[in-house]
Each structure stands twice: as C-alpha cells, then as structure tokens.
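Here subunit A shows up in two complexes: once beside subunit B, once beside subunit C.
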Partner chain A sequence: MMFLLYFLVFGLVVTIVMGLVTSWIDRKVTARVQYRVGPPFLQPLIDIVKLLGKETVIPAGAAREMFLFAPLLGFAGVVSASTVLWANQLHAAGFMGDLIVAVYLLTIPSLSIILGGFASGNPLASLGASREMKLVVAYELPFILAILVPVIWAGSFGLGDIIESQKSFMTAGHISGMIALAVAILCIQAKLAMVPFDIPEAETEIVEGPLVEYSGPALGIFKLTRSMLLFTLPFFLLVLFFGGLRFSGPGFFRTLLEYVGIVAILTVIRNTNPRVRIDQAVRFFWGPVTILAVIAVVLALNGI
Partner chain B sequence: MGRTVIPIGPYHPLQEEPEFFTLTVEGETVVDIDVRIGYNHRGIEKLSESKTFENSTFVVERICGICSTSHPFAYTRAVEDIFPMEVPVRAKYIRTIIAEAERIHSHLLWLGLAGHFLGYNTVYMWAWKLREEILDVMEILSGNRNNYAMFKPGGVRRDIKKEDIPVCLKKIDSILPTLDMLKKAVLDDPVLHARLKGVGVLTYQEAIEFSALGPTSRASGVARDVRKDSPYGAYREMEWEMIVTGNGDVFDKAVIRILEMFESVKILKYCLNRLPEGEIDANIEDVPPGEGIGHIEAPRGETFHFVKSDGTNRPLRHKVRAPTFMNLPTYKATVKGETISDATIILAAIDPCYCCTERLAVKDTKGKMLYDGTDLVRLSREKTERLKRRMGIR
Partner chain C sequence: MSYLMDVLRNPDGYFAVTPLSCTCAVFATMFFVLTMIYSFKHMKGVKGLWKYYTYLVLTYVATLGVLFSTTFMVLMVLWGFIGFMLYLLIGFGRGDGTPDAAGKALAIIGGTDVLLLLGIVLIWSIRYDGGTGLEGLFRLPIGNLGIKLNSTGAVIAYLCLASAAFAKAGAMPFHTWLPETARNAPVPVTAFLPASLDKILGIYFLAKVTLEVFVMNQAMNTVLMALGSITIMAAVMMALVQHDFKKLLGYHAVSQVGYMVLGIGTGNPVGIAGALFHMFNNTIYKTGLFMAGGEVERVTGTSDLSKLGGLAKKMPLVFAAFLVCSLSISGVPPFNGFASKWMLYHGILESGGRLWAVWLVAAMLGSALTLASFMKLVHAIFLGQPSELSEKAMRKIGKINFSTMIPLAVLSFLCIVLGILAWKIPFDDYFRPEIGPGFAMPGIWHSGIVAVVMILGFLAGYLVYMAGTLKNAREVAPFVGGETLEDHPDMRVSGVEFYRTIKNLGFLKSMYSLAEKQFFDLYEVLQKTARAFGIILSFMHNGVLSRYFLWFLAGLVVLCVVLV
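What follows is the complex of A and B.
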C-alpha cells in the first residue's frame, strides 16, 4: 500500500510536475541566453497535452506492437526509478542493492528509444537508434565508475545508506567526489540527449532520428519521459553526491541551490557547444572521461 | 557491408529550400551523392525577356532573397557593357556600399545557419541578432530590409542622405564588438575545431577543376575574387585584403567568411566616409543593339549575367549564372568518404542557394533526356514566331 502511494504520488505526479517545471527553466534560460523571450510557464505542459490529443500514425513498415510499446516502456522505467529514489529519500524504505536497480531503471528510457527507432522501420530512425546504442555503450562505463565513488564512501549499495552516510559530510565535498560528480554530469548530459551529445536525434542531420515516425500520444509520452528524466537524473545526483533532498529551514534552500546548479550546468553546456560526431563522443567517454572516473575511484579507495 | 540510401529532401529541416540529395551510405560512411534540384524553377530568364531593361532589374532582384543585390548589380553592369558609357562616381560608391552591407548580412546569415546545422543554436541566434543591425542600415539607406531596389542601368535609384551617414556608421561600429566575440567563439572553440577541421576537404587541384568560386575556392587556396581581379564599383579606390586560406575544409570556409565580414566593414566605412558629391544616374536613353556581360563578386562567389539587345527596349536574351551553379558539383569531391553527420555541414559549407541555380530539363520516365535548356529556349522562340505570324505582327 505504501509503495503504491510512492508510486502514484511521488513517482508519477511529483516527477511529472517537477520535470515540466525543470524543462521550462531549461527552455527559458536557453531562450534568454539566445536573446529570445522564451516560452510562458505552462508551455511544456501545453505541448504534452496537445500531443496527447492528436492522432497516432503508425507507419506501414513498422512492427506495430513494439512501436507502441516502446514509449510506455521508457515511461515506466523513469517512473519506477523515481519511485525508488523517493522511497529512500522520504522513509528510508530501501532494500539491499536498490542503487543497482535505480541505475538499471534509468537505462530503460534509452533502451526504449532504441527499440522504438528500430521498430518504426525508417532508415533515419534505425540510423538514430544505432547511434543511440553506441552512445549508451559509451557513457554507461564512466557513469557506473562515477557512481562507485559514493558507494565506496558509504560502504554500501543501498541508497538509504548512502543518504545516511552523508548526514555529516557530503560526498561532493571530497576531491574524489568532485571529480566523480563532474564525470556524472557529463554522462547525464548524454543520457538526456542534450547538445553536444544529441547525436541520436540530430534534427538537422537525421530529423529527430528514432522519433521521426512518432506522432500524437506516443510522441507525447517520449517527450514527457525526457522531461521527467530532466528531473530524475539531477535528483539521482543529489542523492548520491549531496546527501539527498532537505525540506526544512536553510537545508531546503541549499537543496534548491544544488538542484538549480546542476540544471544550470546542463543548460550552459548545451548552449555553448556544437554537436559532436558519434565517434568523437565514444572516444571522449572511453578516453578522458573514463580515466577521470578511474582516478576518482582510486582516490576514493585511498580516502581522499 | 550493405548499402542504404538516405534521402535528404525534397523537404528537410537542413535546408530552407526544396532540393533533393540522395546519399548512398555504407554504415555511416557516404559512398556516393546525387543532387536533384528543379523544385523551384521560375523561368526568370524568360520572364526578363518580356520586361523592359529597367523593369528587369526588379525581376532579377527576386532571383535570390539573400543576395538580392548581387543579381541587379551584375545585370546593370551587363547592360552598361553593351555600349560605351560611364556610371557616375557617386553611384559607384553607393552600389559598393549596398553590395558590401549585403555581404555582411549574407555571411552572418550563413554563420548562424551553420551553427544551427551543428546544433549550436546560440551562435545561430546571436548571428541573426547581429544581422538585424545590418538590415536596419539597409532600411535607412534604401528604405527596404530586403530586395533593396537601389539599382538601375546607368546608376542608382536613390541617393544616400548626408544626415543618415553618421547613424549608419554608428550602427556598423556597434556590431564590431559582438562580431569580434563571435569570431573568437568560432575560431578558438576546441569542439568546433574537432568537428570541422579536416572535414569535407576540397583540394587546390579540385577547386581548379570544378571551377569553384568565392569563399569555396578561396578556402582551397585559389586566390580568385572579382573585386580584385577585375575591379568594379569603388573597389579600386581603397585598401582591403583578399582572405585566402589553404586547407579547403569546412573550418576554413567558415574562417574566410568571418574574416571577410571585417574587410567588408572596412570597405563600408571607407565608402560612407568618403562618399563623393555628384550625380547618381547617367540617365540612359536607349540601349543600342549589342551584347554585354557583367560579373561581380557576390557573397557566394562570382555572379555572371549576359544580356543581348536588339535595339528595342527589352533584352533579346538574358542569361544568369549564379555562383552555386559552379560550387554545387564540388559535393562529388567533398562529401564522398565522410560520415552522414559531416555530410550535412559539408552540404551547407558552400552556402548553397538553389533557387538561384535552378535549371530546367525535360526527361521521360526512363530518364532519357528529351529537351535540355537550349532546346527549350529554341522551342519557346519558335512558338513566339508562330504566334507572331498567326497574329500578323511583323
């Protein structure tokens, strides 16, 4: 019963609301950087509602069931991941190794895009899907290495233990924590498919890639999933590196600052870089980023 | 590895005009490219033959919305080439001012689009914001933000007011700091270096063989610029530098365009400061029979016009060749062997203008050529003759 409450209220409603608010912040800041006015506050919601009211066109060459199942899979993944995080955040209602579950669940939206892209039977979509596949392979390794650092500091794979262990001193305060945080931010930039890593969707190259054939509610759910990830992934980093959310007194402002800070870094990176090529992205993640992540792990093992 | 065909077009977010590229790819590598244009053919040359010499200026102005001065400039020079005449010096200066301001706005527009194609939307918006200032200058000088309608055979249609000059100079100066910043943002960005250097290389030899024009050829080390090689307007009067680099890649093409904007600012300020007094129009009465050619350096390269007159008040034949016509085939050399991600920016790097380049040919469904351009002109002439005979005109 308790789990259902977390699932419906926090995993679904709060994540959607926060995701849409965050994507509004992202769009507004981007617009101001680019000398534009930017969208009104409700625009992200209006976009999703509009898409939900439209017709879904299924292309003749598509694998029908898979094509429609893919967006739901991604949506379910992000809702579950968010639920696990909120359950640990609010009631320490975690279980052994729920960090590993969260990492897996956060990969599902990327997999759903690959699935949807191949199912739609469009050359541009399958090109985008294969690029997404390469990108996932590229960023998962450094991402998991970066996550190991808070695990080493807490001495446990439980999210609740990780939050608990940071009560006195947060992981991001250590040198190894800082390096790991930087690596993780780069990885979630790629997870969110934001410039410079929006290679799978590259509008001017392959016309939104895997999403090219999607329309109506199916597209709306993909977009909503993306917005929810924009909240869930920074939230995940807050839990791992900053000891979770705080809701009372000055702690609330600190949390707000940390959250907006991470979102601002993502937005700034997205607005000051051109898109890289897929081979460059793979080389970047497997080269310098992985080396940094390994250094962070070694430092953390030595207690620095 | 299996080959796939990736279509770009006929309607694609990459380009603002309809055109169709067929990329044959192996994995992500492009092995062949085919370009189809012709979705936008308007029959300008034929249309021009039915207008008077003066009215044709406005028709050719509408060939291209971006370089809308280059065509009237080349056309008026072609008409003035038919018989010996001299354009007043003040008119030459005004023509140079308009042409250079247009070069700045065109290069800024390209820079913005190139940024957009790379997903670098901040550059896109900033470049276009900067372009607004130049459009404002155009509005002050000509009354129009686009399609300036300043040219006529023998001179210009509108004088520049003395009190407008300081306002324009101030606006031009105001773009320099941002232009400097954009230059640094592009030239010093390591990610852009990684993305653009060594991509889509057009070698010196290939540039010669394809007869590439404008920034496309100058990026490959071919020092070719009509403003230097056969000076017209007021370009002889002042010191300015032709920007030439040698690598021929997309990065160099961007460098050329950015640095050229600074040269254009130089020329623009020189002309505005030293605008001579005098007439602005030679008041041509009649155009005698004869042939004339006019060529000028448009933002994209050499624009070439040929006009033939038979002594009436209309051109008998008017031939247009826009620079993209020569630059388009360089795709065969630059795109092959690159990845799809790079193909799009290489396609954009020549700053293509397809509606300037449109040609028409008639083919049957099996691809056999029935009529080419020459045949169509001949058919059209024969039809006119038939109609004239039937109606008893002669």
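What follows is the complex of A and C.
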C-alpha cells in the first residue's frame, strides 16, 4: 500500500503544486524578458479553477467519448510517471518501474493530445495533432540516445541504480553527460511543445491545433497536465544527470539551483526563438541533435 | 511408406509435449476457434465454403503436429503442408492481385522449404557423418544435438533453417509475401495464418533451432540482432507511408517479427523470454487489428484509407478494440506489448557486445514509429471527419455483429489482462525448455501497481470533470476560422498524407523511391534477374540452324582445350 502514499502525496499533490509554481516562474520570467510585470503567484491556479467553472462545449461530429477521455489519459500518464519517479527517488531499493517505464509513461501526455485532437473532428485539430505526432517521432531518436548516457554510466535501467551510481560523481560532470544533457533539454523543450517547437499548437496559424475545440474542465485538465509536465520532465533530468533530489543542507540548495537552472534554460530558449516549421524541426532533431547525441553515447561507451 | 506407417503406429517416437509447445498449442487453438467464429459472417457468400473450412481445420491440425513433433522430417513435411494450405487459402480472396500474392507467398515459403531440407541434410551429415543412412535422416531429432557453429557447413545449415523460420514468420529478407498477402487475402485468412499461426510456428522453430540444435556464438547472435533491428526499422518506415490499411497492418506484422528475432539473438534468458512473450502478445493484438480492420472493410467495402474516416461514432466497440490493440502494439504501458518490449530491452542491455546501444535505439524508435503509424490509422479510419463513403456506410450500420465482436472482445481483454498481470507470469514454467528453471527478471516493472496508479489518476481526473460542468455539455459546430465544414468538403483532412514530411526528407526520400521500385524485394529482384537470363537465353536459342552450329563449334573448341 506504499504506492498509495506516493501516488496521493507525491504523484498528485506535490507534482501539481510544483507544476503550478514552475509555470508561474516560467510566466514571470517571460514577462520580465518582455518588460511586463507578469502574473501574481496564484495566477496559474486561478486559471485552472476558472476553467473548471466554464461551460463544456463538444463539437458536432466529434467522437464524444474519445474527446472527453483523452484529457484523462494524459493526466493519468503524467501522474503515474511522476509517481514512478518519486517512488524511486525516495525508495532506494527501486519500486514500480525503471527508466524505460518512465520514458514510456512520459509519452502518454503527447498521445492524449493527439487522440483528443483527432477525436474533435476539426481539420485544424487534425493538422495540429499530426504535427505533434511527427514531433514525437523527431525528438524521440535523440532523446533515447541522450538517456542512454546515464544508463551506460550506471550500467542499469533502474532509476534507483542511476541515482545511487551518481552519489560520488554525477553524470552531468562527464563530457558525455554534458552533451547528453544539452540534447535532452532540447528534447524536453519539444516534449513540452514550447517555442520554438510549439508547431502543433501554432496559435497564429492553426489556433492551438489539437486543443482548438476544448473548453471548460477538459481544457483545464490539459493545461494542468502541461503544468505538471513542466515539473516532471526537469525532475526526470535531475534524476538522470544530477543524481536526483537532495534534501539535506547544502544539497538542497544545489538541487534547487539545478532545477531552476533547467527551467530557466527552457524559458530563455522559448523567449528568444521564433517558431520553426515541422519539417525544419524533424531535420533539426534527426540531423545535428542526433549527431550530438551519438557523439555523447560513443564518448560514454569509452568512459569519457 | 513404411516410414509413414511407423509414424502412425508409434507416435511416441515422433511426437512429445514440452511446456513451450503446449503454450503455443493453447494459443493456436484459441486463434483457430476465434477465426472460425469470425469467418461465419466474413466468408458468407464465398464459393466453396466447405473447402475453406476444411483447409482451416487441416492447417490447425498440421500446426499442432509441427508444435509437438520431435523429428525434423515430420516437422518439415507438415511445415511444407501449412505453406501450401496458406496458398490455397489466399486463393479465396476476391481482389485482382490475389493470384499474384498467392503465387508470391508459395514461391517464397516453398523456396525456403527447400533450404529447410538442405539444412536438415547438412545437420544429419555433420552429426552422423552419413553413417546412419537414410534411417538416421528420417529420425533426426530436434534438440540436444549441440552443433557448434565452427565450420562452414554448420553455419550454412543454421542459416538454412533460420531462413525457413524467417520466411514463415515474415522477417527480412523473406518478408515480401506478407504485405501482399495481407492486402489480397480474405481477412480471416490473414488473421489466422500470417498474423497468428505463422508467427507462432516461425518463432517457435527459430527458438528451438537456435537454442536446442545449435550452440550459438557471439557472431551469429549479432547477425540475428542486426537482422531483427533492420526488420523493425525498415518495415515500420514502409508502414508509415501506406495508403491501404490492410497492407499497412501487413508491414507491421513484419516489423514486429523484428523484435522477436532481436530477442532470440540476445542469447540470454530475459531476451528470449521477452521474444517468446512478444510473439504471443503480437499474435493477440495483430489478430485483433486485422479482425477490426476486416469489419471496417465489410461495412464500407474498401480498405483505402483516403475513403474512410469518422467511423468511431457508429462503431464504438470496434473502435475501442482497435484502440486497445493499437496501444498494445505501440508499447503503451500497461498493455501487454509494453511488458514484452520491456523484457526485450533488458535482454538487449544484458547481451553486452559493443553494439547493444544500436539495437536498443532501433527497438525503441521502432516503437515510437509504430505509434505514429497507428495514430494515422486511428485518425483515417475512426476519427476525424467522415468521408462521403463512410457517411453512407454509417447510415446502414445496424445491430452489433457478434461474429466479429466476440473475437475482438476476447483479444482486447487478453491485451489488457496479460499486460497488467505481466509481472506475475511464471515464464520459466511456460517457456521451458527454452527458458530454464531459476529464471529471474532484472529490473522492476510492477505492471499491476502502475495500472492501479493509472486508474487512480483517471479517477482523480474524472472527479475534476464531475466537479465541473460536464453534465450540461453543449454541442456546437466545430470552429474553422468562421467557415462551415458542410460547405467546404475539401477541408476534410483524411490523414493519409500525415507523414509526407518524413517521406520527403533527404536521405529517406531516395530510400522510399527505391523501395517503391521494389529494389529491396528479394522475390522481385530474383524474378528480374531470371528474366534477364531469359533474354540472354532467348538470344542464344533463336531457332536459326547456323547459330546452333556456332554454339556447337564453340563447345567443341572448349572441350578440346580442356581435354588437351
């Protein structure tokens, strides 16, 4: 019954709180970059609560059940991914699943957006969802290569083992680890569909793509899922490249620094780049990024 | 003849039961029954129906014979018989390409049967040095031969046996009959043979040969893993751009075999258990996918993706089954496809060698690409906007068709249950002798707990819905920048061209155009080569006496030179 605790406390509550706080940081920094004041601290929460009170509108011609089921699928995916990560962070022996499980669970939110977009029966949503799918295929290749680097250093897929092996020297300290970290950050930029990889949503062009027909609680759940991912993905990188979270004394500040650092990089990238086209994104991820990732893997295999 | 009498008189000498063959037989029986149920509706109105059912029964009996046989000769005869039955069964298709597809399947499977015979003779000569005579060849046992791959003969023998298994299961380079068959054969036949029984037979035989007859070495394992990885990637890339859903599913039937070959190539218990588990999982979801697709074809009369769409509204149950099977084949946890892929990944990591990262990336990327092509299918068939044809078809759809829904319900139920219970399955009991006793899983995959957590996540999300305004949901026309969709039928997105971006990508573009010219199709290439020889021969034999005389003289000169 331990997993119930992890699920309720960490997977759900802590992830939601941290996700909302992180999305506030993201929005505040963005506002400062653009010489604006930015939202108050509680704004992300207020946005979600407000959406829950709004009317649910279902487009005519949509596959109704799938349309309403999709947000739940994404939410369940991110909650379980987060629970697996937390369980392994706090349970030294390893619990529930390993790296592969986490990677696969973390693709479920993208899957849910695609299915939801398809189900809405709107051509704009179909286009956006197909772009999301292509984006997944594009970043998956370098992402797999990048996460292989910690696996090579730890010699195991176990998240507990990966954390344990970095007790003395973290993966990001090796040259291969640094390259892999850079690649992984680019990939989670795309996983979060942030500028310059917000191609699936492209507000100015296909009006938020897969989300165009969503409103009310369903949209609220999608937005909440996105916020939770904004916490879970950097957390995943912390586990892989920085040896997980540290809670005592100076270690805590280090963790905080690492976490805020990753989020800040994501935010800065999104504020300083224009959106690319989908074919450019595929070329970018399968070209230079994959080459970098391959270099990282080769270096790691040779112990550098 | 006396041999045949002997086989019939004392079956104990020729047939035996092992846990693995028993498990295979249980699955084969299940697919036989499900196909029978499915055929009631789908083969209605076909001429020679009694022949069709006779062939099905004969195929099933022969399959059991292969699974339980302990001598190579009996196995080979039944094996060839199943290939011939497939040829006859494909013939029930009504498409224009049916004769060609049946011929191609027979040529490739029959051709590799000859290799199988050659391999058996080679093993017999290596093992007994010909000292036992034909009697020994007829009684050559499968298993406990322990032939080392240190001589050319042994390597050739292994490759011969493996190619028979590859052709049956549809792995590269003997895969090309499968997509054609999937497109042209009747759906129950595809679901019965290429999707389920042929997979079980091919991979069962490959595992048996690899683990019991030969002693593998690192080089041969690497060859297997490389073939597996290439099969996964190449077939899934081809599947991505298909326009016909039956052909698309056929390419996936090829791609999934790659995982099994890869798993057997890892040579460690986890990888092999993963490969065998993946084989069973694959038969379950692939049969489900073909059957759901067949139902769509029956209702709409087409398998062309561009003419379908929006069927989920009127076929919710078929859609649900199709979705479960698609998520399973794409390896989404907690379905069964993920459980076996997870085991395979661990097997690859354990296999060591210098190239494990390459196999792992091929396997994991292959699964992302599988997801991509199934999202395309889900959109083009069931979601999105309905096409004219599917709107017409949806008006006709009446009662639930039980002859389809019973098999689909059983298969999707198995997809979920095997996925959730994966961590409790005692693989060393079911997969002996391939997986010895004391088999231990590395790593952690508590599928049951993760499934519970996911369900709790759903419930939490559902509570949010309930707290919200779901009850008074309003239905409005979709927003397309102020236009109305009814007035603009050309705004419909069918989904067929979703991956054109990828198809037009530099290096891939040239690969795709080569593949379209069937440059990678061994059968076509051989046929073209044969035709080229034919041209040369017809040039030599033009019927003119003087030219024949010239050849005669040339031959005489050569003969003189050689003799003198």
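Just so it is clear, the second predicted complex is superposed on the first by the 300 of 304 C-alpha atoms of A that agree within 3 Å, B and C clash if a C-alpha of one lies under 4 Å from a C-alpha of the other, contacts with A are read in each partner's own complex, and residues count from 1 in each chain.
Here, a residue touches a chain if its C-beta (ideal position, glycine included) is under 8 Å from a C-beta of that chain, and two chains touch if they have at least 3 such contacts.
Remember, it's a predicted structure, so these values are computed and weren't measured experimentally.
A.B. asks: For A:124, decide between first (touching subunit B), second (touching subunit C), both and neither.
C.D. replies: In the superposed model, A:124 contacts both subunit B and subunit C.
A.B. asks: In the overlaid three-chain picture, which partner chain does A:210 touch, first (subunit B) or second (subunit C), both, or neither?
C.D. replies: In the superposition, A:210 touches no partner, neither subunit B nor subunit C.
A.B. asks: Considering only touches as defined above, state whether A:133 meets subunit B (first), subunit C (second), both or neither.
C.D. replies: Only subunit C; A:133 stays clear of subunit B.
A.B. asks: Quick check on the superposed pair: does A:286 touch subunit B, subunit C, both, or neither? Answer first, second, both or neither.
C.D. replies: second
A.B. asks: With both complexes superposed on chain A, which partner does A:271 reach: first (subunit B), second (subunit C), both or neither?
C.D. replies: first
A.B. asks: Just subunit B (first), just subunit C (second), both, or neither: which does A:105 touch?
C.D. replies: The answer is second: A:105 touches subunit C but not subunit B.
A.B. asks: With both complexes superposed on chain A, which partner does A:35 reach: first (subunit B), second (subunit C), both or neither?
C.D. replies: The answer is first: A:35 touches subunit B but not subunit C.
A.B. asks: On the superposed three-chain arrangement, identify whether subunit B or subunit C touches more subunit A residues.
C.D. replies: After superposition, C is the partner touching more of subunit A.
A.B. asks: Identify the partner contact of A:148: answer first if only subunit B is touched, second if only subunit C is, both if each is, neither if none is.
C.D. replies: So A:148 only meets subunit C here.
A.B. asks: Both subunit B and subunit C touch subunit A; at which residues?
C.D. replies: Common interface on subunit A, subunit B vs subunit C: 123-124, 127, 207, 278-279.
A.B. asks: Mind pulling up the subunit A residues that touch subunit C in the complex?
C.D. replies: 3-4, 7, 11-12, 52-66, 68, 71-73, 75-77, 79-80, 83-84, 94-98, 100-101, 103-105, 107-108, 111, 114-115, 118-124, 126-127, 129-130, 133-134, 136-137, 140-141, 144-145, 148, 151-152, 156-158, 207, 212-213, 216-218, 220-221, 278-279, 282-283, 286, 297, 301
A.B. asks: Hey, which residues of subunit C end up touching subunit A in the complex?
C.D. replies: 310, 312-313, 316, 319, 323, 331-333, 338, 342, 345-346, 349, 354, 357, 360-361, 364-365, 368-369, 371-372, 375-376, 378-379, 382-386, 443-446, 449-450, 452-458, 460-462, 464-465, 467-470, 472-481, 485, 491-493, 495, 498-499, 501-502, 504-506
A.B. asks: Per the contact definition, I'd like the list of subunit A residues that touch subunit B in the complex.
C.D. replies: Residues 30, 33-36, 123-124, 127, 195-196, 198-199, 202-207, 271-280 of subunit A touch subunit B in their complex.
A.B. asks: Sort out for me which residues of subunit B touch subunit A in the complex.
C.D. replies: 4-6, 12-14, 28, 115-126, 129, 189, 191-192, 194-195, 339-344
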